[in-house]
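Quick notes on the structure that follows.
Should a chain be cited, it is by its letter among A, B, C, D and E, assigned in written order, with residues numbered from 1 in that chain.
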Amino acid sequence: MGDVKLENVTKRYEDVTAVDNMNIQIHDGEFVCLVGPSGCGKSTTMEMVAGLTMPTEGTVHIAGREVTNLPPKDRGVAMVFQNIALFPHMDVYDNISFGLRLRNFEKDEIDRRVDKAAEVVQLEGMLDRMPDEMSGGQRQRVAIARAIVRQPDVFLMDEPLANLDAKLRVHMRTELQRLHKDLETTVIYVTHDQAEAMTMSDRIAIIDGGQLQQIDPPLECYNQPANLFVAGFIGSPSMNFVEGEVTENGFTSEYMDVEFDPSNYGVSAGDKVTLGVRPEDIYPAESGRSISSPTGEIRTKTDVIEPMGDEIFIYLLLSEEVETDLEDPAASNQLLISVPPDSDVEEDQDMSVVLDRNKIHLFDTESGQAIEHSLVASPAASGASGTSGAESDD
Amino acid sequence: MGDVKLENVTKRYEDVTAVDNMNIQIHDGEFVCLVGPSGCGKSTTMEMVAGLTMPTEGTVHIAGREVTNLPPKDRGVAMVFQNIALFPHMDVYDNISFGLRLRNFEKDEIDRRVDKAAEVVQLEGMLDRMPDEMSGGQRQRVAIARAIVRQPDVFLMDEPLANLDAKLRVHMRTELQRLHKDLETTVIYVTHDQAEAMTMSDRIAIIDGGQLQQIDPPLECYNQPANLFVAGFIGSPSMNFVEGEVTENGFTSEYMDVEFDPSNYGVSAGDKVTLGVRPEDIYPAESGRSISSPTGEIRTKTDVIEPMGDEIFIYLLLSEEVETDLEDPAASNQLLISVPPDSDVEEDQDMSVVLDRNKIHLFDTESGQAIEHSLVASPAASGASGTSGAESDD
Amino acid sequence: MASEGGTATRSSDSDSQGGYEGWVQSSIQNPDRAYRAAFYVVMIFFLVTTLFPLYWLFILAVTPNNMISNMGLLPKGFNPGAFVEVFTTLPFHWYMFNSFILALITTVIVLILASLAGYVFGRFDFKGRGALMLLILAISYFPPAAFLLPLFRLFTGNIEILGLSSPMLYNTPGALFLPFSALSLPLAIFILTTFYAQIPDGLEDAARVEGTTRLGALFRVIVPLSAPGVATAAVLTFIWVYNEFFFSFLMVDGQAKNWAPIVWGILGYQGQYSASYNLMAAAGLIGVLPIAILVVIAQEKIVSGLTAGALKE
Amino acid sequence: TSLHPLALTEDETSRRTIRWAADSRAADNADALRQAMWDAGLPQDIYVEIVAGATQTGARQSQYQRWLSADLEEPDMLLMDSGWALTFIQRDQLLNLDDNLPSSLTNRIKNEYFEASVNTATGEDGSLYAMPLFPDFPTMQYRKDLVREAGYDPDGNNWATETMDWQRFSEVTADVMEQTDTDMGFTFQADNYEGLSCCDFNEFMTSFGGAYFGNPEEYLFGPIGDRPVTVDEDPVVQATQLMRTFINGPDAPDTLDGYAGPISPQGVLGWAEEPSRRPFTSGDAVMHRNWPYSIVINGAEDVFGEDLGVMPIPYGVTADEAQYPMTGGPVAALGGWHMTINPNSEKIDMAIQVFEAMAQQSFKLSLFETIGWIPPEPSLLDTQEARDVPIVGRYIDALKVAGQNAIPRPATAVWPLESTKIAQRVHAALTGQETSQEALGTLKSELEQIEQFNAVD
Amino acid sequence: MSTEQSTEQTRSRGGSGAFSGATRWVENLNDTQFAYLLLTPTLLLLGVISIWPLLSTFIMSFQADSIRGAAQIGEFVGLENYIGVLSGAYNTVVLPQPFFDLSSPFTSALIVTFIFVVISVSFETLIGFGQALVLDQDFRGRRWVRVAIILPWAIPLVIQGLIFYLLFQPGISFLPDMLYNLFGGLGWSQTPLVSSSNALLIVILADIWKTSAFMALLILAGLQSVDRSLYDVAKVAGASKWQSFKLITFPLVLPTVLVAMLFRTIQAARVYGLIETMASCTTVPSLSCLVVSTFSVRRYGTAAAIAFITAAIIAVIVSVYIIKFRDEGGV
């Protein structure tokens, strides 16, 4: 039993509220990723689950019992710390075996487990190194190994792969997933790598400013973001946003119009809404790809072009007067699209694009809440799913 | 003048050779990314440029003069450390302004620069925090700010964005690029994020086992990897490899054959070669995309399917007997392909694929050296470009 | 499911034995409470044992000198006047002043020299390191008397080097702080060596890349980060010098204007046969005040977790 | 030159300063002493600066040792313990007064000062190297009120000059203790320290006619290695046993019969002067042996005032019955301090003037009055001025007797070592670790070895 | 192009060129040269104030005593002083107490010193560690408890001696009688300060009282320097308080503890002042007592020899530390 429940948990530092009335329920054996901008309270949340930080308010439950005041050692958690925090006076073997030695495991068993863990993190042969004789990535792997040799009820991993190269990350990712499956352990995992969050987690919890924005399965978060923040945060490159207004027959803005029947989506003329569309849901009109439900053509001009190897990002300007704002690709007057790597584009060339109506999101500009995630699916009745920031399962 | 030259630089620790006879020349104002697996010697290389580690052999030149024995402060470098290394006894302001205060800048100028830097890294209003009152990402941003307030000849950045979320990374990436452009400073940048390396750098240096594998512009590294290591390392997901042999009329292996005229590529029947093809260069036969020069259809079966939001990864098995090895997507008996997110695929379904002959790479299995990067381009004369591991400019 | 407690090899431990819910509950909570209680017991024990002799000293100070005999646990009579008499009998404040200044000078010298030495011993590996450390340590093996004769001659102008006689330092502060510095250096060096050695290289590296010299890094980063160690070395040196007994007694003639330190003041209340125990006690208590204040100030520097948040490693 | 704020504010500009290493008692009364010197004829432009120096005599000796060995010019004059002035004289480290002072003065010192004191100021060549400033003799202080209460009549029996023998002393003490319900009878000093060998035990021993090195007249100051060691003789054993009797009573082993006891607490075994004085001062003891400084304390109005009695120290045998000259009778260990001149001083002429002033009657009397330092000439003690001195003046008679029966310690180069051994062994005997016979036997052999090893060849 | 370099140049040109030249020179020294440069002031001071005097004392130890003549020291006699002290030949005739004598252990300097060192250092370490752990906790009034616990270390030796001297002085304090009534049967003396064995215990007690604070202060500094985040890791890994202490705290403060113990041992082996002010060297002779007592009677040759013997004995003890803890300590 390793379900984790945070109830109305708040953590305030002197002048900062790091975590703000957080309610999350994580099921036994679930793999949940916490994502959110830097400083949003992910680590603090983890620390409260681990028992290293006492919530200012609220309660923490693990495996059904309240642990708010229990010391970490009685909570059955293992943790990979964001700051790695290896014991500087112990070699790799001693670091990894620390938790096992505390529990008086037999030497053989310790050796077996340490060897296994070292193999998983590809540190065989380095067991007698001291931490200060290792590279950053190697240290991080020791930290991971130190957590995974134990078999706790709950794994807490705070950016465990931040310092690893792409290949190793993929490897570690699968290893961690395998571990999760084998041990049926609950995993709470902080990452800033979207691919990691998408591929590994059962659900993703998106946090902003200490508040939970959405917790849902990855694709749901991607396809049906609960609000503007989630929509903009999930997906890289980010979703394109265009601010505008609802008219009698759809959406209008300075730069583009999209037709639809407002009444279908519970909005009415005059409402300020923001239209969102992901780069991959915008196609050059001439690409000839057949889309079931395209919008009308939108005239743009290519500006910056970023070849990424497996795809090319194109920044399209919707207006002549401005320049591309690379820092804020979601700025209202520009669209970022992604095209196959062999596409033949140049800077400063005119380009008409169409959007996939199926994949157009509408948000209430003021509250940020999602209104609809597709301008094809008909009845307004269905409404927006997953719009509630809080956990819907309890 | 901020060109950096490493000549025959070797760094040996007691039983490890961290950097092995490295020769790199980085031009003034150039932005070079160092990439490579964890522990390959990237940080060590940086430290030798900074003057923190003395090379066991070889010389380091900065701005045309030899600096091998010069202390760091006389090298005109600023560095973001992989381990962040904030001064824990100073608040953010003092941390950021440390280098300026050392140089007796005027208070006004310091304030101005610190404010600017804090704005760039989005830490306005946190200047009086102490490091231990900040989140991991915030600390890392302080470290970046500390480096960028100064205007050195050479920036050394060791995974400066590792702890930042995707959105902030994109922002920081553009800021750093702008800075690079404004100051015309040479930048040496370690990252494990391929997108970063691809978009930011003028050239990428790929290192493995302390040895330089290739240093070339990003797309060149992507499209014309010098050897198997580079091919496998650059690109995520990784290139698919199939080991086989050259026959009279092309390539053959247990799982597939590709026809070509060996004589065109300087190989002859019986040679052991490895065929490489990137996921995006493999298409489901029925996708209907028109490719100028496809191979014959290859029959496979879908296995694991990973939806990533903006694309879907499909692991295809070439043989019935085995299972997908998620850890090593490049394993010879499987192919990983990437299809658009709206594709309709299921596990365990038959699927025929074709490869884009234009994009097929051939490597010498034994030496790992690239033989050819396209089976369309004709004469063998052109050979493989950029195959030399060492810098070609000197 | 696979929980840690289920592992067969794990030696029998408490909390997995179900059944006694209440017992388990209390055993989880009680150790902490018991720990807290034990902590207070221990603290009070330490307080009582360290303070009792001081209380005894206080009793002595407020009991009129002639009544000091057959003392119990309470003062006989009450004569706070001793605390005033201390100053009227002798210029005790000047003796305190002298000790204070000497201790200050010595502490500054020692901290600077020991910082430099501690830095190289703690953070550099060079030829002769071990031998030099041993040499410095060996100086403290000797009873102070072993230095006295030559030093006395040196400080009274009796040593000639190249035709120049050594300076006459007797009855000057130099005759005190020089030997004080030399004799307290070994301890300070070893303390600082230990503490400086523990500062992660990363921080020194960062400072150097930011543009400090090696020495700059020492004084701007390593020293502040070793604050507990430096403050402790300073406090130990200061207190040692303030109360130093041997050279204080031998290198000046005992006059306050000749920099005679506090020990001369205290001994001044003692005659050939007679002793004003109450004045000595009062002087002892008064003399401790500057140190107590110093400790209060210095302990602010002895703060925890100095390196917290510094490094990701 | 010392750059001390105190030195900078000092104003001595118009005078010629001469430095005198004295002690804290002199330093505390510096102004009065200077005035007394000027009154005694010291030119007004000579300013005597008094340095307190170390208070413990041993520390002071070492201090002088260093100063003189380092040829320091200052201090110009040194106050030296009569117990060790000789060691400096023997090493030739002091100015010969015969050669420098007017002979009228040196002759007066040699002829009129307490003889025992002069002996400790005279070199082997017979020259005077020090001028006794004041002698110090212990006396027996007692509680006149208690004694009277028990029915004795000290004044009538003239205790002040005609002291009693130890036997009667013990009986009186025991009797008074009992009758007046006083805790302790007799407090003295029997700690394992120099005071035991130089003084307390020396007195007991000498009062029985014993001596450390045979005939004191002949052997007191040497020759080392060439004199008898007589610490195992009967009088010495008796002295030890008497002390044991006082502490443990006559029924304990290794004690003397016929004496009353116990009259002294076990504590005396750990007491030096001050600890032994305190119970007496606080009224818990009948008898107390101590130096004159304590007369000043105990005779103060707010302590015992007139109720304090002082008598010479009791005796074991009379001088006639005693084996050696200078022994027997109411002996008192000789203490006291001498004035000496630093031969390196650049102000010897001024020092001589100071000495002359110090030799004046008026100065000595004023010393007696201000600090309680006994004048070094017996004749002076007979003057009315002396008797008029508050407190001590009342006890002049007893002090005079003590002075005339003073016995110096055998201060030679090896005395410090021998003193330690004597204190150790005697103390061991007193605590009962060894019998007196054994302890003194061992002591004898130890002293003989020391004498032998350090013999003058 | 970059402005930093140029700013720097203008500044350094305007500033003191010699100074920046010197800095540059210093920065370019290699590690060994740099190390010796930084050690120069220390070595100079120690050379003149410590090492040179020790060398001249060393020479004195080969010269005869001169207790009578004007000369401070006699002719060259080779190893005679050492032989005299070590063989026991000097025991009676030169030394106030035997240097080493099993038959009367409590008057034998070597044994007394040894007992003093072993008991006081071990108790001080334990108590000091305990105190440091208490002071390391967070509780209300900690600052005052800290001051209180450190205060004994600030008490001058003379006063420390006075406190315990008067506390154990019969007739002055209640304590000796009380102790005698309690432990008289066990051989506790009525006048403990003049019984060698009792006095030794009292001296040790006084030393522990004062010097535990030294240990506490130093160990506390060590404790405070431990990176707090390591405790978090240990806690999550399941370490109890004791285990955290054993596995994290202890190894990390061990170097500090060793330095503290090392110097305490050295200091304790030279104990003198405390004995002299409380019980006198006659009752509790230590090695330093022998040095001082021979020294103060001008037996400089013998005193010098004993000083060097003392140092040699301490060196032996120290090498035990160094060999045993070569890895942990900074030595």
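By definition in this document, a contact is a pair of C-beta atoms (placed from the backbone, for glycine too) under 8 Å apart; a residue touches a chain by one contact, two chains touch by 3 or more.
Listed by chain with UniProt protein names: A, B = ABC-type D-xylose/L-arabinose transporter; C, E = Carbohydrate ABC transporter permease.
Values in this document were obtained by computation on a predicted structure and should not be read as measured data.
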{"item": "Intersection of the contact lists for chain A and chain C", "value": "B, E"}
{"item": "Identity of the chain that, by mean CA position, is farthest from chain B", "value": "D"}
{"item": "Dominant chain pairing [most C-beta pairs in contact]", "value": "C-E"}
{"item": "Central subunit by CA centre of mass proxy", "value": "C"}
{"item": "Euclidean distance of C-alpha centroids - chain B vs chain D, Å", "value": "96"}
{"item": "Where chain B and chain C are represented by their mean Cα positions, the distance between them in whole Å", "value": "55"}
{"item": "Intercentroid distance (Cα basis), chain E paired with chain B, Å", "value": "58"}
{"item": "Separation of mean Cα positions, chain D and chain C [Å, integer]", "value": "42"}
{"item": "Sites on chain B at which at least two other chains make contact", "value": "71, 73, 82-83, 103, 133-134, 136, 140, 150, 163"}
{"item": "Sites on chain E at which at least two other chains make contact", "value": "27, 72, 171-172, 227, 229, 252"}
{"item": "Numbers and ranges of chain D residues touching at least 2 other chains", "value": "62, 278-279"}
{"item": "Contact pairs between chains, per stated definition", "value": "A-B, A-C, A-E, B-C, B-E, C-D, C-E, D-E"}
{"item": "Sites on chain D touched by chain E in the complex", "value": "58, 61-62, 65, 69, 90-93, 191-193, 265-267, 269-271, 275-276, 278-279, 413-414, 416-417, 420-421, 423-424, 427, 431, 446, 449-450, 452-454, 456"}
{"item": "Residues on chain A engaged by chain B in the complex (per definition of touch)", "value": "13, 35-39, 42-44, 82-83, 133-138, 141, 158-159, 162-171, 174-175, 192-195, 198-199, 218-219, 222, 232-238, 278-280, 306-311, 326-329, 338, 340-341"}
{"item": "Chain B residues within the chain E interface of the complex", "value": "1-2, 69-71, 73-74, 76, 103-105, 150-153, 183-185"}
{"item": "Residues of chain E touching chain D in the complex", "value": "67-70, 72, 92-94, 96, 107, 169-172, 176, 189-195, 280, 282-283, 293, 296-298"}
{"item": "Contact set on chain E toward chain A in their complex", "value": "227, 229-230, 232-240, 243, 247-248, 251-252"}
